[in-house]
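Following this message is one structure expressed as structure tokens.
Letters A, B and C mark the chains as written, and numbering starts fresh at 1 in each.
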Amino acid sequence: MSSAWEVVIGLEIHAQLATSSKIFSGASTAYGAEPNTQACLIDLGYPGVLPVLNKEVVRMATMFGLAVDATIAPRSVFARKNYFYPDLPKGYQISQLELPIVEFGELFITDADGNEKRIGITRAHLEEDAGKSVHEGFDKSSGIDLNRTGTPLLEIVSEPDLRSAKEAVAYMRKIHTIVRYLGISDGNMQEGSFRCDANVSVRPRGQEELGTRAEIKNLNSFRFIERAINIEVERQVEVIEDGGKVVQETRLYDSVKDETRSMRSKEEANDYRYFPDPDLLPVEIDAAYIEAVRETLPELPAAKQQRFVADYGLREDDAAILTASRALADFFEEVVASTQGKAQGVANFVIGDLAGALNRDGLDIEQSPVSTAAVAGLLDRIKDNTISGKIAKEVFEAMWAGEGTADEIIEAKGLKQITDSSAIEAIVDKVIEANPGQVAEYKAGKDKLIGFFVGQVMKETGGKANPGQVNQVLKQKLG
Amino acid sequence: MSRDLHAKTLTELAAGLERGDFTSVELTGDLLGRIDSHNAALNAFVTVTAERALATAKSADEARAAGKAGALNGLPLVHKDIFCTRDVLTTCGSRMLENFISPYDATIVERLSGAGAVVLGKTNMDEFAMGSSNETSYFGPVKNPWNLECSPGGSSGGSAAAVAARLTPAATGTDTGGSIRQPAALTGTVGLKPTYGRVSRYGMVAFASSLDQAGVITRSSADAALLLGVMAGFDERDSTSIDHPVPDYTAALSGSVKGLRVGVVRQHFDDGLDEKTGTAVREALAVLEANGAVLTEVDMPNLDLSVPTYYVVAPAECSSNLSRFDGVRFGRRAENPEDLLDLYCRSRGEGFGAEVKRRIMTGTYVLSAGYYDAYYLKAQQVRHLIADDFHRAFENVDVIAGPTAPTPAFKLGDKTDDPITMYLNDIYTIGANLAGLPGMSTPCGFVDGLPVGLHLVAPHWGEETLLRCAHQYEQLTEWHLACPEDFS
Amino acid sequence: MSLDKDQVQHIAMLARLKLADDEFAETVDKLSRIVDFVDQLSQADTSDVVPMAHPLNQAQRLRADEVTETVDRDHFQENAPSVEGGFYLVPKVLE
């Protein structure tokens, strides 16, 4: 895309709040139940039922507001958004319009040039989720499952401050990390507990006025968001360059065809006829409540990342990876606290071998079969030269498979590193004797052959000789 | 059956049961017999729950024998068909819910049954509580026991007619703009609408959420006090329910009206009020004055905007509340819908009557883009002005009194052509709903053989003042004892 | 202010109400009268008046985050006009 065009993006993120019960009823929010077995009479919009607000959602929204330096509204109001759709039993969604619970927040991302960029968060408000429709499997019908109806959502709206798909993804990742850090949402995009709509428009670079925007709905992976935005930008530019006008509309991203297309049914001008919900009273939050919640805020990702760099001397990007999830960061710190090894070494191991094993087996850090104590124990054995880094990988695989602690495995498999100098010398002598040709070449100047000799020693010792010592002894003996 | 149990008030029946003069089974049987004989003429009932009633009555008698009688043990009543009653048809007077069996009980139904009450059946009403004459019901109009060609008022017409005809000593009702008080006035019964938030709305099918309140229709203030004491009180299932202590309403009945400051609204006694009705009400006020009450004129400058305010706010809220009736999870579904739009439009078009559709559309209009500020927002502002008028008045008076309705019962079919004419029936009662204040109507005379009601409004939580005033008035007069000839 | 047919048609659509042809004319007339009637409100001076949404000045009470509702799906679905496999059925929706 030519740089004659500037892209303007705003994101609306819906995060399902991780409460046990629904926002306005005492039905369960657990995922995956049989259809309509978690839709109580209140969720079903039966005649005569009434909503009562879940206190956890107020706490969670407040936590979020504080984490993004936003204003927590002392008084916020629920409003009804009226429209007809089968997954909306009452014929209205209880949401917030004019007085949302959180306003005027911000967070910082790193832009394409590596600079810190502020992204404004216009507001975050509470609302209830709708049900789900199943369009296949019923004769000329759609099946409606209302289990999800009433699940609490926090809708987070950004200012249109994003200028590229990459920035949009970076922002979305930050929000994703924050809500998981705070423990207010599990951020599970596959299960639909973290969804994003992107408002995308383009304008000639230098123009102040915003172009007409299109909304791309229900993007549920970071990859799709990036592609959808880029595809949409291309489409809009093409439309304009061909002499047409971008239509303000809602579009869906088709990941198979890699294109966005207009959504049909929601196109009629939807007059939502918002008005304050008369079944609910204004939510009042005082300073004491806010302070009490503030005290429970965990260390946030940005602060933790900075601390890791400052206190542990980690590289910026390693710190970023480790702090992407609070659980991973906690794991890392626990290992550091219990091992003799250096923090950077722990970081390398966690980001390398441990993360590799987790990814391979599709596990989260919380499900790691190897505990922090076990990892610390393993790293200690590298530090004290009992085993080499290379052997450690073998030991780790065995630990992962449940064969025991590092010590137990090293003992059982006889993997102790050979550090006894006389033993090493003996083997080096043997290797030198066995390879006179290479010895001659080495002495003639082919320095690279040191690797060959090290390899031979390693072969002889089943990899257990301390490589550093081997190198030293070889150089000594070969001259 | 010459014990004439049907002629006794709830309070008298409670004493009789206590003394063992008769059993609840006998009492229930008597009333069921009367309902059987008379309901065809009145059309006051949608459902009579005879078997259940007798079973409950039997349990009540057993509980009493075991010394475990609740406050309303064995006492019969009926519920307006707007209250959800578990496993019993709950129609709201509408074709939309013609076959709807509620899976749960409304809070007030639970409380009253929990105290031992015997439910005789569900009464007819204006469809979804929208009406002032009980002529919009899908199940046909209710007749006034005082004159079968006349309306009993609405929307709690069935409840009022059933009580007036002595088919039941008491009934529950709902009041959004006067729907308990106005039918009480037109049928010569006592109707009480409590302070907004006093009684739970959970299980009461919503019409206009910020105006609706559950209340009672009885034949004496003492009866109303007895029932209110059981119904009132905080309910955690209703966010608009207020945690305010429930006093002993029965104890509040005694005490004279001496020194009671009664406000009379200047704007009430104008051309809109039928002359003879006005005379009857003035006579009632004179009785109070003669017994020590102090009458003062009060000025309520915004009161003439109450009806237009109401007819913006109530339709707006109901247009949203009734969206849940879409043929998907319960209620009427049109046959062979072509597509989703057809399902909605035809199910609702067929399920709702004309008045309900008009109010939904009025509400949709006043909330729609471009009109919200001029209508809905404006109405909520005027509502505030009206509430302020009341609060100012109450700085100088304890209760505001006047006529409940502008005329006595009118003939069925008289006012159905012009919606505005019908709406103006609520001109005196609507203000109390807009301000959330408690209001009551008690019989105070007759005009050409038709009853007239005296309307009383008190400040928030002033039910005790209302009951005391009405009760004292009842001791001084006999209007509330009058019985329609055909039903004695 | 009177309403015209198109406005009434639009409102009926927003409210998902099908009006029979013979109902339609009467509805336009009666709705117009109602709107005329409520237009009186414009006379009131409401500058600086806070709109009242509730008669009481109370704040929303909060409920503990606990699962308190048991769902008797089959009992509830006895009232449903069309269900299959626990799902509520509607004519197929195209998205």
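Note that a contact is a pair of C-beta atoms (placed from the backbone, for glycine too) under 8 Å apart; a residue touches a chain by one contact, two chains touch by 3 or more.
Just so it is clear, the structure is predicted and the values come from calculations on it, not from any experiment.
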| item | value |
| --- | --- |
| Chain whose Cα centroid lies nearest the overall Cα centroid | C |
| Farthest chain (mean CA position) relative to subunit A | B |
| Distance from the mean Cα position of subunit B to that of subunit A, given in whole angstrom | 57 |
| Distance between chain centroids, defined by C-alpha means - subunit B, subunit C (Å) | 23 |
| Distance from subunit C to subunit A - Cα centre to Cα centre, in angstrom | 41 |
| Touching two or more other chains - residue numbers and ranges from subunit C | 14, 16, 53-54, 58, 60-61, 63, 76, 82, 88, 90-93 |
| Residues within subunit B bordering two or more other chains | 100, 103, 210, 236, 239-240, 319, 323, 326, 328-330, 340, 344, 364, 368 |
| Overlap residues in subunit A, where contacts from two or more other chains coincide | 41, 44, 46, 52-53, 84, 86, 144, 271, 273, 278, 280-281 |
| Subunit C residues within the subunit A interface of the complex | 14, 16, 53-54, 58-71, 73, 76-77, 82, 84-95 |
| Of subunit B, residues touching subunit C in the complex | 100-101, 103, 196-197, 210, 236, 239-240, 242, 302, 305, 307-309, 311-312, 319, 323, 326-331, 333, 337-346, 348-350, 352, 354, 357-358, 360-362, 364-366, 368, 374-375, 377-385, 387, 418-420, 423, 434-437, 460 |
| Interface residues, subunit C side, partner subunit B - complex | 3, 7-8, 11-20, 23, 26-27, 30-31, 33-35, 37-44, 46, 49-56, 58, 60-61, 63, 72, 75-76, 78-82, 88, 90-93 |
| Complex interface listing, subunit A residues touching subunit C | 19-21, 25-28, 34-42, 44, 46, 52-58, 77, 84, 86, 133-135, 138, 140-146, 252, 263-265, 271, 273, 276, 278, 280-284 |
| Parts of subunit A lying in touch with subunit B, wherever the complex brings them together | 41, 44-53, 80, 82, 84, 86, 89-92, 144, 271, 273-275, 278-281 |
